[in-house]
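Two complexes are shown next, each including chain A; its partner changes from chain B in the first to chain C in the second.
And now, the complex of A and B:
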């Protein structure tokens, strides 16, 4: 209850900008006592908001901390279903773990786990993912598509396209997709996408779509071993970005592409993926269970496999690291 | 430790059959004190074993309860890897739930969850599965195959073939497979197989293979609503079966077919599945997302889809209920 009042109070203060709002006015609009309001203002201050209080004038917000909490995010949401049900934690081991537990307990499609910091974030194949506090977007979205297990990998490609579109629009940067799930700027990775699926027989029960995005991370804060291969939106754009705005934009884009994918199938995703891909038209080399495959990456097949021209035929590759 | 001594003690007593074994002899072979042995004999008695103790002669086993506990199962195991690591519980909600938790915590391939009774057993699509105490085989096996999500449904078919082969050999009954995951005798179901998969991107991380088998269930104990569609090995065979013997045989068969599947692919499974199928050559009708499909079931395609002759073409069906 109180967090709901806090959310409404914050919206109201944000709405007023630099102007003061009287306690009486707030009390009337939120339909609660002035003592309750005072209590919530104290709570906001503890979270890093600076609220100026002047006798006879009222309250105004003079500084907002950089948080991705629900009360910050919700006023920005333009999606219909994605991101309205939120679990927010200031620190977690990994948002994927929390989202899996939540999904097993019946969380609805579009439920979102958000955090400021992951202490044990992970990428593909259990590789560690560096997720320092307040500098990036570390989140997991629960999906419940009526598709088969065979189709599940298409969701990774769908998400890569949706994130690229949203982040290009928000930042103007030349974001490219590296097969299958990395987003790059100038050849360096700033974003990883991880889809984990749970299924019964051949049907998907749920998917947890994990996203890790280096947003305002500065070069000094990247681990040494990543300096040459990693980057962030801030490093590439030469400015910081408002994370909540980016999250709202990503969720809207994901919802649009996801709905289109369920309705029209994989083809629209496939076409845009090829358009955004760093990988297409390049010589690549990959290790598969059938040995090394080297050749030019020419596109995606209708199921989402990467087609590599190898010894005069097109070899589909379903999942692999490529050099 | 003590359960390990109990296991060894039970093996020794079983080995001796009707003959007595002296406390001294047991103490020497198990390398523990006679007090420790006495304690374990008391434990065995609590579990329903009747151990006769005669001064100067020693101990012998005169009655064994019908349990599927590890110490009963292990002397019968002929598999190399399947079933050696066991979680045994006298009662659980569902062996699938326990196996998923165990797999997430890193359980090895072949780890097995066994129980005497499930209070919330489930089949496909969360349908309830009646699992009364001590009358059936309720178990879940953890697999970690290096296959794609698209291939995972083939494991259901592989398991149906492996169980049919093992149970035909043990009982001599005419067991048939109904698409995709039921085993029947005389048109009635006595066994269901459920495969639940967890994957990352397009790769399987683990599969929990759940099996529910009505073994010694008598007609009076089947729920009324199931009387016409359900049966048990005992009802059909006119005798009771030693569950532990059946489990050992199933695990050996599963291991053989699983290893062959990973090495040689789906084709050997496909051929035997068609041989054992109740479904092939029959008129079937099924609801799919593309509408009703009715026609003769003619076989499996190379990926494991059921082929139905429908309006002059062969329609592959990947997962559905058929009438």
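And now, the complex of A and C:
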């Protein structure tokens, strides 16, 4: 209850910008006592917000801490369903673990797990993902698509396209996709997507779409072994970005592409993916259980497999690390 | 096979990512091959036991001309793996729901999800199949004991390919 009042209070103060809002006005709009409001203002201060209070004038917000908490995010949301139900934690092992647990307990589609810091960020095959506090976006979105498991891999390509479009729009940076779903700038990775699902043979139960984005990470804070291969939006853009604005934009874009994918199928995603891809038109090489496949990456087949021209034929690749 | 069943199979294959599909049922073998461009579907139905059975396959979707091939009836039925290994018939097969890479464990240094002799129930995760970085946890869907692991860790598996044999309770 009180966190709900806090959310409303914060969104009201944000709405007012530099202007003061009287305690009386706040109390009327939030329908609670002025003492309750005072308590919530104290709570906000504890979290790092600076709220100026002036006799006869009221309150105004002078500083917001850099947090991705629900009360910060919700005023920015433009999506209809994605991101309205949120589990927020200041620190977790991995947002994927929490999202799986939540999904099994019946979380709705669009439910989002958000954190400031992951201590055991999870990449594919339990590879570690470096996710220091307050510098990036570490989140997991729960989806419940009515598609078959065989179609589900297309969601990872859909997510890559949706994130690329949102982040290009917000930053103006030349973001490219490396097959199937790593996001790169100038050849270095700043965003990883991990999609995990569980299902029966013909029907997906749920999908957890995990996203790790280096936003305001500075070079000094990247581990040495990652310097050559990793980057962040701030390093590439030469400025910092407001994480909550990016999250809202990503959620809106994901929702649009997801709905379009369910309605119109994979083709629109496929076309945009090829447009954004870094991989297409390049000589690539990959080790598979059938041996090495090397050749020009020419595009995606209708299922989303990468087509590599190999010894005069087109070889679809479903699962591989591309060099 | 009934005509409407064949149509249903074609529709499912067409909507899926499968490139090639074979089904042997009641003495008839149906082979469906997709052209890479997805422009058309190729259907081959080969009677393996009853040569008198005839086929005519229509593909109704998207108004595209179907490519239908009919092979000469074979006088000798081709034995399949299951016929060769009679004792398999009582065993449940856990099959792959998609094309991808088979992983026995959640990470390279972890223990496999299951080994031969392990007990599983419907909700037990037995492996991961990965395609396009989608990690798909496969559940046993039956209760019983794992008697054979049919594929190697890291191997590419096809849609419908058996991964485990389970002796059900």
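One rule holds for everything that comes next: the second predicted complex is superposed on the first by the 323 of 323 C-alpha atoms of A that agree within 3 Å, B and C clash if a C-alpha of one lies under 4 Å from a C-alpha of the other, contacts with A are read in each partner's own complex, and residues count from 1 in each chain.
Keep in mind that, in the parts below, a contact is a pair of C-beta atoms (placed from the backbone, for glycine too) under 8 Å apart; a residue touches a chain by one contact, two chains touch by 3 or more.
Note that the coordinates shown come from a computational prediction; the quantities given were computed from them, not determined experimentally.
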Room on chain A for both chain B and chain C (clash or fit) | clash
Which partner does A:316 contact after superposing on A: first (chain B), second (chain C), both, neither?
-> second
Partner chain in contact with A:180 - chain B first, chain C second, else both or neither = both
Per residue count on chain A, the busier partner among chain B and chain C is C
For A:198, decide between first (touching chain B), second (touching chain C), both and neither.
-> both
Given the touch rule stated above, what does A:153 touch, chain B (first), chain C (second), both, or neither?
-> both
Using the superposition on chain A described above, determine whether A:301 touches chain B (first), chain C (second), both, or neither.
-> second
Once the shared chain is lined up, is A:288 touching chain B (first), chain C (second), both, or neither of them?
-> second
Considering 55-63, 199-207, 217-225 or 235-243, which region of chain B has C-alpha atoms that clash with chain C after the structures are aligned on chain A?
-> 199-207
State which residues of chain A lie in both footprints, the one left by chain B and the one left by chain C.
-> 124-125, 148-150, 152-153, 156, 180-181, 194-202, 289, 318-319
Residues of chain C defined as touching chain A within the complex = 15-19, 36-38, 95, 97-101, 103, 106-108, 110, 125, 130-137, 139, 141, 152, 154-156, 159
Given the complex with chain C, which residues does chain A contribute to the contact?
-> 124-127, 148-157, 180-181, 193-202, 288-290, 301-305, 307, 314, 316, 318-320
Would you tell me which residues of chain B are touching chain A in their complex?
-> 124-125, 146, 148-150, 152-153, 156, 180-181, 194-203, 289, 318-319
